[in-house]
Amino acid sequence: MCGVVGIYSEREDLTPHLLYYSLYALQHRGQESAGIAVWRKGIKLHRGMGLVHEVFNRNVLNEFRGNAGIGHVRYSTTGSSTFENSQPMLVRSREGEIAIAHNGNLVNSFELRKEMEMDGRVFHSESDTEVIAQLLGKYLLHFDVLESFRRVTRELVGSFSITMLLNDMLIAYRDPYGIKPLCIGELDSGYIIASESAAIDTVGGKFLRDVMPGELIAIRNGEIESHILFKNSYRANCVFEYIYFARPDSIIDGRYVYDVRLKIGKRLAREHPADADIVSPVPDSGITFAIGYSHESGIDFAESLIKNRYVGRTFIMPAQELRENSVRLKLNAVRSNVAGRKIILVDDSIVRGTTSRRIVDMLRKAGAKEVHMRIGSPPIIAPCYFGIDMATREELIAAFKSIEGVRFMINADTLGYLSLEGLIESVGLKENELCLACLTDLYPVSIPGEKCVQHQSSLVEF
Amino acid sequence: MCGVVGIYSEREDLTPHLLYYSLYALQHRGQESAGIAVWRKGIKLHRGMGLVHEVFNRNVLNEFRGNAGIGHVRYSTTGSSTFENSQPMLVRSREGEIAIAHNGNLVNSFELRKEMEMDGRVFHSESDTEVIAQLLGKYLLHFDVLESFRRVTRELVGSFSITMLLNDMLIAYRDPYGIKPLCIGELDSGYIIASESAAIDTVGGKFLRDVMPGELIAIRNGEIESHILFKNSYRANCVFEYIYFARPDSIIDGRYVYDVRLKIGKRLAREHPADADIVSPVPDSGITFAIGYSHESGIDFAESLIKNRYVGRTFIMPAQELRENSVRLKLNAVRSNVAGRKIILVDDSIVRGTTSRRIVDMLRKAGAKEVHMRIGSPPIIAPCYFGIDMATREELIAAFKSIEGVRFMINADTLGYLSLEGLIESVGLKENELCLACLTDLYPVSIPGEKCVQHQSSLVEF
Amino acid sequence: MCGVVGIYSEREDLTPHLLYYSLYALQHRGQESAGIAVWRKGIKLHRGMGLVHEVFNRNVLNEFRGNAGIGHVRYSTTGSSTFENSQPMLVRSREGEIAIAHNGNLVNSFELRKEMEMDGRVFHSESDTEVIAQLLGKYLLHFDVLESFRRVTRELVGSFSITMLLNDMLIAYRDPYGIKPLCIGELDSGYIIASESAAIDTVGGKFLRDVMPGELIAIRNGEIESHILFKNSYRANCVFEYIYFARPDSIIDGRYVYDVRLKIGKRLAREHPADADIVSPVPDSGITFAIGYSHESGIDFAESLIKNRYVGRTFIMPAQELRENSVRLKLNAVRSNVAGRKIILVDDSIVRGTTSRRIVDMLRKAGAKEVHMRIGSPPIIAPCYFGIDMATREELIAAFKSIEGVRFMINADTLGYLSLEGLIESVGLKENELCLACLTDLYPVSIPGEKCVQHQSSLVEF
Amino acid sequence: MCGVVGIYSEREDLTPHLLYYSLYALQHRGQESAGIAVWRKGIKLHRGMGLVHEVFNRNVLNEFRGNAGIGHVRYSTTGSSTFENSQPMLVRSREGEIAIAHNGNLVNSFELRKEMEMDGRVFHSESDTEVIAQLLGKYLLHFDVLESFRRVTRELVGSFSITMLLNDMLIAYRDPYGIKPLCIGELDSGYIIASESAAIDTVGGKFLRDVMPGELIAIRNGEIESHILFKNSYRANCVFEYIYFARPDSIIDGRYVYDVRLKIGKRLAREHPADADIVSPVPDSGITFAIGYSHESGIDFAESLIKNRYVGRTFIMPAQELRENSVRLKLNAVRSNVAGRKIILVDDSIVRGTTSRRIVDMLRKAGAKEVHMRIGSPPIIAPCYFGIDMATREELIAAFKSIEGVRFMINADTLGYLSLEGLIESVGLKENELCLACLTDLYPVSIPGEKCVQHQSSLVEF
């Protein structure tokens, strides 16, 4: 998971500021590194490890002037937390300078790299982004921008929402399955393209619409063009954006995330009612689900867990004797709400089950009479290949345990997962518009060793 | 506002870890600097600017061994954000080494310093803590610890909850009015004293009780002693700990903060009902009040504002044109909940009124039909002299405007403040057990130029 | 100017330490950045801005184990002091990983890059090193290592002494003109290749010989091979290595630098005697010349200028009023040696003349009766294209002023430059073995817009 | 060893710049920390760990305006390298603010602190400087500045050269024995007081004279006053300033350091001639001695050792196997000068003897036929109590070995130390004007457990 943004502004001096604030708004999509690239005669790049407010300072924002710019925040995935992997990536080609910010994951990155190495090319990184950059470099030699993107797309298997500078041209492109979100908004002085609409709100822009799967948007000298490079009879919007990743105040593919979560909570109340005194969320991810559950069930919404707002990205692991307490650094029970109460505890999902177990135990220790766990998604049974660092299949508790087995393991009195139908109806998109792979083990694109959804393939070039 | 902690542990190696995690739990009380001091043959001190996880590293925790230690997190008050002001403060006296962590504020600090300077003493800082240290140094010459603290207390006007090392002795002391909180808990391996009970929970300890106003606790070689140095017929627990400062999962002077806030919310619903579609908090401070209001009124609790969890302590101020949007970096409206709705918006307090105005405007822009502001405290009409960096009297909007005037200024449809009686009853302490100075303009201790509560003075030494 | 090193050691744990200490020994060749790359299953890279002791810490040295490694220190050239430009550069190709450390400068870098971009390649940097890496990637596809280097060499115009890892193979290569130095030594546990022999001494190795122009050395699994890829009837060893760049305790192409400088000093005494009381160097670069001058002339060697050893790479420029004193931060006159004395002041070269003027003025202010400037090189009249950031032709004072004009400008009583014959004889190599371009305006290779030495071209492949 | 400076300038904006550059010039006296304090309405302090150019930046210099300021560089002594120990030290007293920069060491610091603690005072540090500050705080209550300094002086045993701000008054004071140097110069815009005259030269000032032992200089509002607080029939200028500490371009107590060193070298040639081919220094400390030896003996001065200019304050200790080579990081033999030669090697002193041994071995390995060690000082047989971190008595090789024993241990062919008479005559001061304690084991002041020089005590107050 990552966040991308692109800005075109008539006001050269505002561009870096607009990038900075929109990255700020997308910080939840990646805390490992941040960076921006701005065109003015040439492309200037600034990136670094850490949060947006750590990477930038006033000088950078004042020095980076230009009409077109892109930005990126990177999520920390295992083992590769280095400066070299921070984005945007900048390369120089015959066609000029190319800066790319990429959200997504390629399944065939390794194969593509090997193939191009056969051609005598060398790679500076192991990132998917460089694969895209080199493919573009190759096709731009012989084709125009649109045809080059068509050809690049034909080669890539996976997810990609991209913002890019090709010299002074700002380009945004979303893969034909629309796995990762991307949307466009209008500014007083130009346009903004971002992973989530909340970024548009943050800079005072007006949300226009989602970028469509297979759509390429190009902005240059104030002129904006849209080109549908591919049409597809089905799409595969990541359902976990609605459940967990996206900010609740964002619109993702026509659906307001907050509303989806509220509906999930209500549906959960209907699917898995429970006789309880209060409905409580696991903060922060379970809050809106729990509110929906409360509205539908009529059971009071009340907090049974308080989260320490200052738990940072890193803290020193406790001495062995204190390790069992590590969840207490993050969460603490609200005794007066918990003691002697029957509690419906709502969370967004269960991955490994270990954290759920610790939380249930904490509530029991604080005197909870009953703990009824309700989950705003169906069981996660398969890994994600499209950019979510969830877990391996072996680590997914629901991949090899029954629901009763999970319930027993997390020590809850009852456990209710949202049904797949419930989820789909709550989102309000059709089944063939969503990527549900982690819940169904059926992938929207062909992945070696995995089963593929039996959609009638229909990717059509335009 | 600051946070203090003291640890006595039979396990020398655990002490620094316990200090670290309890400071982590108190991080909300101060983000400017953090530090610990641990005794082992001598006192070792480590402190620095920044958050707890920025100031410490594994090496420090592993090197600082000893049975007794104290810790401090410091709140950023204007103009003095320097390393020299970080705590604990360490001095050497005839009686040995003294390390002090202090939460509170002295009203007569300047006078005391001048007086001691007349004696030929020199001061390294302008902090209250050094005044206390030097007074202790003076009295410990001629008197034992208890008598010294009695004499120091007689000289100080203001608030102070202190943890301290006098060589290998851990001392905790709370001023006779009990203005700032302090409590004690039991650990497997010893004791913990902390500003809030949530810190005790975090390290897996057992809350024992609040330290009493005028009580000194001394721990040495595993022996714990309690001494009531002063008895007082009234006290003055800061009421804003319940309203805003303390974590909701803390017990402050016998009252569970979460419960108090829930009761305030309910009382507010009775005192200031409104015909509305939803009850929403200003996150995060208004959440529990809003839940209580919802429970009492039966109106659905729903979020109308989403907070960016990553808004750091500092961010680069936007370019002039973007400045009006600065509140958007922090908050964004949940359109689906807001549009066309009548909203009861609940916050803890109004200081200057400028933020409230921006939030109301944001809701209106998002389509709110009506905004009914409800405040979980009476109007703030007087400044705090005891350690809260609220604002000057001139800046307090309620100090010079009627409630209608405030309502007009913040652009709300209606505005309801909690009554003083409502507040006192919600807390559950008597009026003469609370410091209500900022709400009543009557101070619990004599302050030049201010009116004092007409309690029958009754401070009695023991 | 930069420094490179390559280590092959049977002792995996020693390799990073040996790299570190040999870079330490080459620090004078580059203070901007430093880095190492070590092979063990794959190539690990560590590099950063700053001096060797700032870039590395104990952890890095302990974690980087492997038999083969390379290192680099980079000289600060204008405008490109960024992390991205630090070396070694690491790329991945079909043949595996390639890490390159490069000392030198390509004249046709821009053309080569454009040409490869025509091929659809993209570049991550504007560095010559990447050009070499990409060419290698291209040729290694079809040819073995030796043939690939032959073909790469045919394309490059300029200077290059390279150490490189091709997976587990350590390669060292020197351009067929031998412009930049490179030598090889033996270690107890393997081999060391370095820009200067002083690095070999520093790690306790035994100097074997210079790497020959056009020679490629490859070491793998303890086996060392030498291949002469090109034979040349003339070469072009940079003469300024002897005059200024190299450490005096290094052997460069068979000549001990200290000896060359001593001989230059003696020759200067014969070519430009002066009636004076003392001979003094401009420290540190003039010291050995001055000692030689003293030996030959019999005039006492004595210091007339003291250098502040702590003048760092950067210091804050003085306020306007103090700017005239800036040379005083670095140098101060030794009054007792200077006052009333006739001084022969010896320096290595004059570039712009401004510093010389300030120094002469400083001596006069300190009471010098006469200042006779003697320069250990002929006038610099042409720019360097091979890696020395000297100055542009316009800035070179001797390019447009007569010797008398320079003398007048620097305010010396007399001025004597070493003759070209004197220089060549002092070095002890033949004229057609040296690059004298900056002194003669005749370049050893064909450079657009410049005159080329009329050597009978004779580059022969082997 | 430390360096101090004081500036009074009519130009408020120049003061911080003048402090900065003069500290730069004194950097050799202390590399651990640096700091300045400037008065303007109140005293502003900036200090930090590291070299002058690391501690300061342009902002600090531009913000610190005021007519009077002081500065300090601190030498790294074992075990106390912390921010808290950096200077200037700033305290507040009844008389106002006091900032002190101190060069020297008190022998009775512990006793004085204990005594004042008996009085109920507390100390923030274990530094001598705080002792002086607290004593001043005490006496300034009852006495004027002059009388206070007289009384403070009566209590202190040890060395102290002080620059100080007492509010807007710049004070410089030197102990009645004049152990540490201090001198005064004139600036275009005011005055400068500094540890060494080279600092005066660096800022373009005019050296006026040494501050006399027991003299206090006070500057305020442009008015300068001198007061001799004590007159003494003998003094005790540290002889090692001439031998090692001071810059050669400084004037210390009327003697130009360069001249003293040159004379020492000549005298050494007369006292300990040798039949040799060349005279070489151990760089950098032996250079001037070696030049003097060469002048007197007629034997050629030539370098046999090259020093790596970039060996920093810290480097990572080599792996065990490389440790024997550690001296090679710093020094390398000049083979052509060394091989087959008889060398006179000149150094300033021998402390433990281990480094000398390594150097001699290095020369022998490089082929030296004979190595004749000549030392520019008599044997060091006693520790220093006045601020030089030499070594303990047990570590001083000459304290328990004969000269022949030392020669054998360092593996030299012959060894010659300068005689005490030779040293005294070279300096040009009388025996009773120098502190020779480390060479004679007779201390100028009474130190418990040590013998005192039998001067007729004659300290007279004025």
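Residue numbering begins at 1 within each chain, and the chains themselves are lettered A, B, C and D in the order written.
Definition applied: contacts are C-beta pairs under 8 Å (C-beta built on N, C-alpha and C of every residue); 3 or more make two chains touch, one makes a residue touch a chain.
For clarity, every value in this text was computed on a predicted model and none was experimentally measured.
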Number of hops, subunit B to subunit C, where each hop joins two touching chains: 2
Smallest count of steps, each to a touching chain, taking subunit B to subunit D: 1
Interface numbering overlap (same over half, different under half) for subunit C and subunit D: same
Distance between chain centroids, defined by C-alpha means - subunit A, subunit C (Å): 50
Between subunit A and subunit B, centroid-to-centroid distance (C-alpha), Å: 37
Distance between the centres, which are taken as Cα means, of subunit D and subunit A, whole angstrom: 62
Subunit D, residues touching no fewer than two other chains: none
In contact (per the touch rule at the top): chain pairs: A-B, A-C, B-D, C-D
Subunit C contact footprint on subunit A (complex, rising order): 83, 89-94, 98, 113-114, 117-124, 126, 133-134, 136-142
List of subunit D residues in touch with subunit C within their complex: 11, 13-14, 17-18, 20-21, 24-25, 27-28, 31, 51-53, 56-58, 61, 198, 201-204, 247-249, 256, 258-259, 262, 284, 287-288, 291, 294-295, 300-303, 306, 308-312, 314-316, 318-319, 321-322, 324-325, 328-329, 332-337
